[in-house]
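Chain nomenclature is as follows: A, B, C and D, assigned in order of appearance, with residue numbering initiated at 1 for each chain independently.
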Amino acid sequence: MTNHYPALIVVLPLLFAFVVSGVAWVKKSLCFPLTIVGMGLSAGLSVCLLGRVATTGLVEYRMGGWETPWGIGYHVDYLNALVVTVVTVLAFINLIATRKNVVEETPEKAGAFYSLYLLFIVGLTGIVLTGDLFNLYVLLEVASLTSYALIGMGNGRAPMSALNYLFVGTVGGCFYLLGVGYLYIMTGSLNMVDVATLLPQMYHSSAVVMAFIFCLVGVGIKMAFFPLHMWLPNAYGFAPTAVGSLIAPLMTKVMVYVLIRLILTVFSVDFAFVILKMGDPMVWLSSLAIVAGAVFALAQKNLKRMFCYIIVSEIGYMMGGAWLGNNTGMTGAILHIFNDAIMTLCLFLCAGSIYYRVRGLELDRLKGLFSKMPVTMACLVAGALSIIGVPPTCGFFSKWYLISGGLEAGQYGFVAALLFSSLVNVVLFFRVIEISYYGDFEDHHGHGSSGEAVMEAPASMLVPLLIVSIGLIVVGLYTGGIVNHLINPLLLKQGFLG
Amino acid sequence: MIWELDLAILILVIVAAIGVIQVKDLLGCAILFSAYSFLMCLLWAIMGAVDVAFTEASVGAGVSTVFFVAAVFRTTRRTKD
Amino acid sequence: MKAIGLIIVVLAGALLLYSTQDFPFWGDPASPAGTHTATYYLTKAFEETSVPNVVTAVLADYRGFDTMFETGVIFCAGLGCFVLLRLSRSRDEDSYYRHVATGITLHIKSAKIPDVSSEFERIDTLWTPYDLIVKTVCRLLAPFVQLFGLYVIAHGHHSPGGGFQGGVILGASVILIAISHNMRTAIGRISEKTIHILMAVGVLLYSGIGALCILLGGNFLDYASLSRILFTNEIEARSLGILGVEVGVGITVMAVMITIYNNLSSDGRLDEGL
Amino acid sequence: MSDLVVTLLGKYNYWLCVILMMIGLYAMIAKNNLIKKLVGMNIFQTSIILFYVSIGCKKGATISILEHGAGHHGVDPTHYINPLPHVLMLTAIVVSVSTFGVALALAIKVYRKHKTLEEDEILMQLRSE
């Protein structure tokens, strides 16, 4: 059975998704336990897979038993295993933490909601594990389609934002498909490793260059890279709480993973940095993204929208690190995928529990929350410290790698942008903390309907939140281990010398 | 595969596509879109992609036109462009 | 906006046109795409799966993993439309009944609904007279459409077609009934609950066959390992496995098409429809 | 001169395909009506499918269903069209119809709230909120 781990990580949530959506029509109360079981199995298996990859270096799997250029194969190395573990474990934690939000916001359709939740995870895990370019597209569409539906479930402006996201996201998917088509017409293969062996003879062909550019634009749209980020704040900001905290930490990071995978495995480092010389312009664009994200975040009056713009700026970190073209920068980018997913989940879970009690996330409604919800706010502070980059939280270490990578490459603009955005983050979070610590609590339920008094969030939300915020520090302390045992061997194997 | 036929239908497809995005009535847009899909299906059949053409005939020209008309029926026919 | 759009479009188009210069010529038999993987499929597919339609063989066996997620995408779409549009029936609405013989409409304001007899039919505010000819023809046509759909699913090994196309045709036959009569008739034949369970059962059949292969000792979706329980050789087992997953695809696609139509055409109320 | 004709005949399919793509993309960017944008998106998707199907084309070959008995004494691959792009595009068509369905559902939901499908009118309503 142990050989089947890579397939089972994707297939088990899929099976459970179908069972959940069928069972919802027979017995509604079974939906949530079944979802927990499916998600938990997937998370457990991916941790086991990470353990195996750490010892053996590479796990391969052939779907249907066919050899790879003819069939679809999984080719799991350190990078896949790391990212898939983050995806499944964080989705599992989020599932437990947001149960009460789901009950409240979508009571009627809980079965369909959980089914879509599992399918979204199937999409993401499939994207991360697959070694086939077209299979990646199909799973990208699974993940995107479920996220459109999940975001559109919200009230108010959510359907309009979801429709905008759909338009933009589909164009992104189509551009990626077009890029794959260009690769296929030139090489006749769809397997990543096979394409990589066929490509070097035609590096100078304009069609291969265009294939790279189309893949880059397509993935860039999906990950909300700076000039293409317009859809993100609305889509994530207006989504239902449970959906926001699921999609925001995972979707964009997985897309950054796809980009790094394309550079490292398919097109090779030589092509991207030496032949195309894309490094400098992309780093400048990333610096712009960081600054723009930070500036937009300053202008927001809503906690969740502020976090959304912080994500835009964090995407700039990862893209910049990946394009610095040296070992340290790439290490920082991969580490930041990992860390940023945890930090973002922490922030969005805090926002979720505040929303659950206060019914609003405008900054002036946070007044006095420190006395009412001390644990939640303490976790928010932990997340904030990590975003700012204060040791010993994990955010500090990845930022350290990014900055030293920038100095090594002589990209002082990028380093300046990183420092600027850290400064802006300090301002942003101290504003939030000041309001919530010193402001007097005002009851906004108003108009006589006193409702329940605002108090600490229920334990089912607090425990996962605490786990995540302790995780921020634990991951920070184990950074050295992750870098030495997982990231360095990967970069060495891919011939990334810097 | 006969390239003269292919070219002729390709040009018709482009004409249909321009028609779809220019017509100022959403119901007309639905019908023209159905015609576009059907021409596309012919084009694929000529290129030898019979399975794809079959799918497009049943999905593009058939079911998605029904969806489109249903959606227009539940919303509005009016469009400014 | 129009000017910006035009600039982007012209730029992207110019790039695309420029990059076609390195393409192999259209229809060139010696192009990499026509020789690398295609040769393997064309020469080996029949030997290994005994399916003459190479497209079906590649779709459901060599790249069966893709097709499973393709069915998953369809399933997402059905579930998505349901989640986005379906309104719950919690609030009491006025209901209308039409006396068939006289055409008199009754408007009942209370929540209590009398038994619908053959003399009365439940209608909505948007009642339109049915055309007897259309109604009869469609009712007569529906079984033949369904038969054709089943043929397309089952005959996908030897001719164009397969689970997806057949499923769409099966779904279209129910949509035909819903359009020519009204949606209540169609829902009376196949209820919302049935549709949703069928939707899940179809994909479950597909992924279940895949998981069964793991239990029988093969890789995921390796139909050859089914030969142990089907008592045939590996090649026949692959062919039968392909048939099995095609049936699963057909069931899901049919159910999803009906769900999407029902929710779109009635704005999520599942009443009279178009 | 004859070179030009050869190039023209060899590439015109891809060129017209690009034009179709650009029509779809233009409609998505420049049109104001949500359904029109949706149609543009669908044209864009079908043109990419057309591009893939064109890749699979092979001169002088027939559809990729083996003749009766052909499988038993060796198949000449140059006689049959490349099946792989067709397989991929079946999946892509399914994806496009799924996206179409979900997008129509979202458009109906938008219409429920705003009573219009024109983007500028919706934005105006949102601003005045």
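Rule of thumb we're sticking to: a residue touches a chain if its C-beta (ideal position, glycine included) is under 8 Å from a C-beta of that chain, and two chains touch if they have at least 3 such contacts.
Because the structure is a prediction, the values reported are computed rather than measured.
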item	value
Separation of mean Cα positions, chain C and chain B [Å, integer]	19
Separation of mean Cα positions, chain B and chain A [Å, integer]	37
Centre-to-centre distance between chain D and chain B (centres being mean Cα positions), rounded to whole Å	11
Residues of chain D touching at least two other chains	9, 12-13, 19, 25-26, 54-59, 61, 63-65, 84-86, 88, 90-91, 94-95, 97-99, 101-102, 104-109
Sequence positions of chain A contacting 2 or more other chains	134, 138, 141, 145, 148-149, 152, 159, 184-185, 190
Chain C: positions in contact with at least two other chains	16, 20, 23, 27, 31, 33-35, 37-38, 41, 53, 55, 59, 63, 66, 70, 73, 76-77, 80, 84, 160, 164, 260, 264, 267
Chain contact topology (line, ring, star, complete or other)	other
Chains that touch, pairwise	A-C, A-D, B-C, B-D, C-D
Touching residues on chain D, where the partner in the complex is chain A	25, 28, 34, 37-38, 41, 44-45, 48, 51-52, 55, 84-85, 88, 91-92, 95, 98-99, 102-103, 105-107, 109-110, 113-114, 122, 126
Chain D residues within the chain C interface of the complex	6, 9-15, 18-19, 21-22, 25-26, 29-30, 54-61, 63-68, 70-71, 74-75, 77-78, 80, 82-88, 90-91, 94-95, 97-99, 101-102, 104-106, 108-109, 112
Sites on chain C touched by chain D in the complex	1-2, 4-6, 8-10, 12-13, 16-17, 20, 23, 25-29, 31, 33-35, 37-39, 41-43, 45-47, 50, 52-55, 58-59, 63, 66-67, 70, 73-74, 76-78, 80-81, 84-85, 158-160, 164, 260, 263-264, 267-268
Complex contact set, residues of chain A against chain C	1, 4, 7-8, 11, 14-15, 18-19, 21-22, 24-25, 61-66, 69-72, 108-109, 112-113, 115-116, 119, 122, 126, 132, 134-135, 138-139, 141-142, 145-146, 148-149, 152-153, 159, 182, 184-190, 198, 202, 205-210, 213
Complex contacts: residues of chain B adjacent to chain C	1, 50-51, 53-55, 58-59, 62-63, 66-67, 69-71, 73-74
